[in-house]
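Below are two complexes that have chain A in common, paired first with chain B and then with chain C.
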Partner chain A sequence: MTSVTSTPSRRFNAARWRATPGPFKVGAIILAAHALFAIVGAVWTPYGYAEMGAGLPLSGLSWGHPMGLDQIGRDVFSRFMHGAHIVLLLSFAGTILGMVAGTTLGLLSGYVGGWFDAVTQRVVEAMISIPFLALALVMIIAAGPALAGAPVLIVFVVGLVYAPRITRIARAAAMEIATREYVAVAELRGEGTWSIVFREILPNAANVLLVEFSLRLSYAPILIGALGFLGFGIRPPTPEWGLMISENRNLLIASPVTVFGPGLGLASLVIGFNLFTDGLSRMLGQRPVAGA
Partner chain B sequence: MKKLIEVRNLNIAYGSAAGWTNVVQGVSFEIARGEAFGLVGESGCGKSTVAYRLLGYGTINSLVQTGEVIFDGIDLLKLDATALTRLRGSRIALVPQNPTTSLSPGMRVGTQIREMIATHRALPPGMAMETRIVELFALVGLPDVGHRYPHELSGGQQQRVTIAMAVACNPDLLVLDEPTTGLDVTTQRQIIQLLADLRARIGMAMLYVTHDLALLAQIADRVGVMYAGQLVEVAPCETLLAAPAHPYSRGLIASIPTMDGAAQPGQGLRGVLRRDQMSTGCKFEPRCDFAAAACRTTPQALEPVTGARTVACMRWREAVAPHVPVLVKREDKKTAEVPKRVLSVADLALSYTRPSLFDRLLGRSSPAVVRDIDLDLRAGEVVALVGESGSGKSTIARAISGRLPPRAGIISLDGAALAPALKDRSVEELRQIQYIFQNPDASLNPRRRIRAILARPVDHFGIEVDDKALETVLDNVGLHAGYLDRFPEQLSGGERQRIAIARALLVNPKLLICDEILSALDVSVQARIVELLRSLKEKHAVAMLFISHDLAVVQEFADRVAVLYRGELMQLADTATLLSEPLHPYTEMLLEAAPSLRKDHYVSRPPAVPNSKAAQGVGCPLAGRCPRQIGSLCAETRPPLQTTGNGFVRCHLGVEALPVHSTPTDARDPSVQKVSSQRSL
Partner chain C sequence: MSIFRLLASRILFSALTLLLVSILIFLILEALPGDVATRILGREATAKALEVLRSQLHLDQPALVRYFQWLGDFLRGDLGTSIATGRPIADVLGPRIVNTLLLSLFAFALYIVLALVPAIIQAVNRGKTIDNVISVITLLLLSLPDFLLATMLLFLFAVAVPILPALATISENSTWQEMLRAMVLPAVTLAIMMAVYAIRVLRDSLIEVLRSDYVRLAELKGLRPRAVLFRHALPNAIVPALNVTALNLGFLIGGVVIVERVFSYPGFGTLLIDALQLRDIPLIKATVMISAAVYVAANLVADVLAVLLQPRLRTSR
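Take a look at the complex of A and B:
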């Protein structure tokens, strides 16, 4: 077929937005709302997130305190607002770390092959076979009490849990791309391994990796929340959503609203990421194939 | 004759993000019972879209705007899914382009045919299913292969199975979508022969969709030529080939390389089909040599003209006027001094598996894929490597380029031996050998702009170039600087291949390996790439190893031809000598199978000793298939190398005995023919 070529413009325009798949739109709106909420929460909250005695503890929801107050009289809504940017930042940082490590290792392993691939894959498989929470806890314990609760540690944990999984995806993509003739052309030119991996293979694996990135990103808040819930996350009183659920879980009967906020926040964030990813993969998957 | 199917004013559009594109516009034709109608045109002209609509099938994003497809009084476009399902396969059947992907790989082929018969309850009364299946296999010249899986059959056999499946329910109409495109020339001819034979026996009508006019000449009664979604000419096959009336048909026929040896410069088509540059009038106007001012604005419709033909051109009288083929004798520039030898390959043997330590200890060796290759290339010389698929052409090219270290033998460039493995070769050696791949879609990185694709080798080899270098090289291959900022997917197939050629030329190589670089392209594009290569050869004095399965293309511009069969060089000779006196039986077979532009009543010659297969690695690989085999000698001993005037022949028959042709006429009687089709590959 003759390809109808149009130069894609980077600007946002209504026609392009309308052409995007539905899930992408809904996901993008949810994520935009989260981002806005996180930015506002980072600079301003109705009460201090650690301010005790903002009102009567456990007094339930009111106009002043839409999510009620916790056991020691902190305003849950303020804590929820402040926690938003922490969850987002930790998720992004952790996923990016996992992505960089996993992609590099995976592409190399898929392209180079041989014993390097064999060794890498055995290590990766071993890491995947351990349940991710177990792996995370082992790391946190190994890091020792000095680092416990530090954001850097959380980022590393997320990165390490994700890297092996991303490695496998990147490897599969690289193995397929390595058989293409433009890679052979580069080899015949005598290009080095790194040059081939980053110039020839990476740009063509970008679609797959982008989708994988946003999929991993959508699970990161759950992972971080789970760590927080178990008490291995961010050090209190910093309000991370998982931690907040953990703190208030024994108030579930006395004042249920205190748990709803962070729970809904986590759920909507994950759903938003998932819809976004779904739409993104559809958009990337439906690119017109050249020469078809 | 009664009309079997009639297409009336069919308009189909494809939807995309950018809106609707008209793909088929106002197509009308009819096929009578038992008639073979050919639909021909370049890729993207809408011929397959039309063909699939005859089965009531369209892709999800296509829309039939107007039109009717009337089959036996019913409009197929108005039928619901159930009625279509009943019709498809039983009354209209499809033979797809690629049998490898259209046969289910996990199912025995017999079961797949059984499924077809069972679905349509098409078992003739009083006949067992098994008997019918065996009968169908016999019909397409196969032994009972029902218990085999598709991967156990060769490409030709697979296509025979899909044909058997298509004719299983005795359909009235067979739609063939490029059924022989992926096959070797000899296999192609056997399939065509089979189809003609089937048509005579079963009496079904055929719609044969192809881009290959030469093949169409062998089978079609009438031909419709399509351009940009419109039928531009419908005429009886012989009339069309002898005197095409539409300028496009004329250009298309002129671009086909023939074995007749006449070079026809300037007769082919110029430009490419660009759907975004359509005039309101004749679609072909931008590329037409006969165009007048009125052509641009007046839409053309098919008008009946003399002799049962219809043409959509207002100036057809001028176009149909017979042009005297300008026979340009290719001037032999035989200079006294022999140019320097660029590449020499001596005693090359290749295999894919490296012998393991265990095998080496036991002294076992796996058979070589390619053996005893001796080849020289001189500066400015084009040597063609010809053979069927699987003969090892590309394998040899891989070894020369260094991607497959040879098992034995020496490859030397400019007299200095090259390291066997790619990583041991110097940057300079890598630069001097450039490789152009078959498929330009795959050899250009789709995520890089043309500028980056071209600039990378220059940077890598550290070649000093001026700013204009990229533009100059684009100019050399017939493109312009405007292409630099495009992505490969914005280019047509021919343009992409030009970019690949430009990339290779940019680094001033001494040797260019062209690995089937034309086979993914349209005929008209092929003709222009050949033209380009010829001019580059004269300008740059670069040696070329030109790999091809198409002898007609090879004779256009190769100086010498090496014929390869199952990894062994059968013959090496000057192109002219090879074509006039093929000598080797295999070369003869190849030449006979190449279709010419008229019905040539090709009959493949039966092998002399069909059941004597060569002992692996010892006998002549052609044994068992060779029409001139002399007993078991060929299968058991290695044929000697015999020097001829300007090359050599590897055959047991003496050089004196070889030129004596055994004419294929004795193979005409049907019993022998049946044997030949059963033996085929």
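Take a look at the complex of A and C:
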């Protein structure tokens, strides 16, 4: 095993950075740039993100307005900047929720087995059979008008869409780990199910789960963007990038940069996540799974 | 286990899954705590409007009764009545399903070409520049949200170089040439989105098969490289890609929602969005059930095909 955990020093230094695969480096740099941009955008933007009359509406791109202006004269770049931390926070929160739920259920299901496993698997199967976008949209409708457009709902929906898929991965890992000797030893010591699942199985499934987390995280901005694009996501005027692309779509002829600016941002974020995942899975000796 | 028992158990599990899907959809839409009618119409709704909706949805009856009534009707082919239009759902759905089926078939034909050709080029030239170039392009396309790809293609081929219609509006009166032209952009978008997943898997499995003993043997026998590739390597390499294709069908069902929306194509996806926007619960239930059924059926077919194509699997599972 040439896994990272076997290296003596766990501290991150220049030598370890150089040893990482190429895609990981590029991905990490893109993500760091996005994180920095998001932090700056959260505290300062050239114009207010909802400020009308920042310039002549639809005047196209210029030095003062690198992504142009929308039809009510809002500076698209300021909106894009302010949206960066929203996209990142929603993606992380939703994916973490899905990971916590999916990992707990999957590890328990894989280790305990029996009827609990059988029931869980059937429910997971059923949830995966509903196209994820349809499931997300139905959940949003079911939540009702009071919650529509609330960040909490988006986080919950992303978590709910991800949880069954993560459950499957965690279950497979737990079933494999459950056959190892140290689990049998822990059982003989008389440890309880929760203790075995979280102290024996979880640390040993960490590599698989880390890659899974990274993979799901890559797709979260697309999912959130799709919800915004269809008009079921974050409520305007909050500048979530998918929502911005949808709002500016009727300006495609007049000022295409208002659509492709945010689009480029979204695509580069996902590229960063994908490269990072690719590198991470190579470093941890895992193979990423294709498909959402 | 004989192949027939295997088939029977797969079909049984698929049916069970769909039964659970129906319970889930019902639970989410109608059995969440709180008043369904208020959630649909909002707090400002008048008492009268709420009353009308309650009677339309039979909300005066207990949830369990409503569920079994819906399930029974559904199984008998009665999909219920749309609240928004007052028409039978089967009449509303029928033409939309036909439109989406046509679009999907077109997209699927393109998908097979767009997945096979790059994967074969990569596998044959593995490690060379062309292999890496295609890998990078695949990764970039993989990272592109479907709604963005659709918007980019729309901009390129309907705005910048206006050779294709921006709106894929078709009607019963459209000639088949008009329909085909209207479907090009949505179909290409869907095909690209599906192909990028399959290319990676297909390339890796093709490379693995090309290294195997029986391909070596075929080469040593003096068969032409082309015959080795297409007759011996490709059929075996396709099996892993079948799973991706089943996954892709699942994507296709979700993807049509976005793509049809971007191009205003009157299909199943736009109908689902309309139903959601109007909070037409009976129509939502029917569309989601049908899309889940298509997904389950696609997976069943992929499983069976995998068993039939690869004799090894017939006994191992």
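Quick notes on this structure:
Convention: the second predicted complex is superposed on the first by the 273 of 292 C-alpha atoms of A that agree within 3 Å, B and C clash if a C-alpha of one lies under 4 Å from a C-alpha of the other, contacts with A are read in each partner's own complex, and residues count from 1 in each chain.
Keep in mind that, in the parts below, a contact is a pair of C-beta atoms (placed from the backbone, for glycine too) under 8 Å apart; a residue touches a chain by one contact, two chains touch by 3 or more.
Everything numeric in this text was worked out from a predicted model, so none of it was measured.
Of the two partner chains placed by the overlay, only chain C lies in contact with A:L133; chain B stays clear of it. Touch criterion not met for A:S59: it reaches neither chain B nor chain C. When the two complexes are overlaid on their common chain A, residue A:E181 makes contact with chain B while staying clear of chain C.
The partner that reaches more residues of chain A, of the two candidates chain B and chain C, is C. By the touch criterion stated above, A:A146 is placed in contact with chain C alone, chain B being left untouched.
By the touch criterion defined above, A:R189 lies against chain B but remains apart from chain C after alignment on the C-alpha atoms of chain A. Once the two complexes are overlaid on the shared chain, A:I245 sits against chain C while remaining clear of chain B. In the superposed model, A:I222 makes contact with chain C only, not with chain B. Chain A uses residues 290-291 to touch chain B in one structure and chain C in the other. For chain C in complex with chain A, the touching residues are 13, 16-18, 20-21, 23-25, 28-29, 32, 34, 38-40, 42-43, 139-140, 142-148, 151-152, 154-155, 159, 197, 200-201, 244, 247-248, 250-251, 253-254, 257-258, 261, 272-273, 276-277, 279, 284, 287-288, 291-292, 295-296, 299.
The residues of chain A lying in touch with chain B in their complex are 1-6, 19, 180-182, 184-191, 199-200, 203-204, 206, 288, 290-291.
Against chain C, the residues of chain A that register as touching in their complex are 122-123, 125-127, 129-135, 137-146, 218, 221-222, 225-226, 229-232, 242, 245-246, 249, 252-253, 256, 259-260, 263, 266-267, 270-271, 273-275, 278, 290-292. Residues 14, 16-18, 21, 23, 44, 273-276, 401-403, 422, 425, 427, 430, 433-435, 437-439, 441-448, 456-457, 460-461, 488-490, 493, 503 of chain B touch chain A in their complex.
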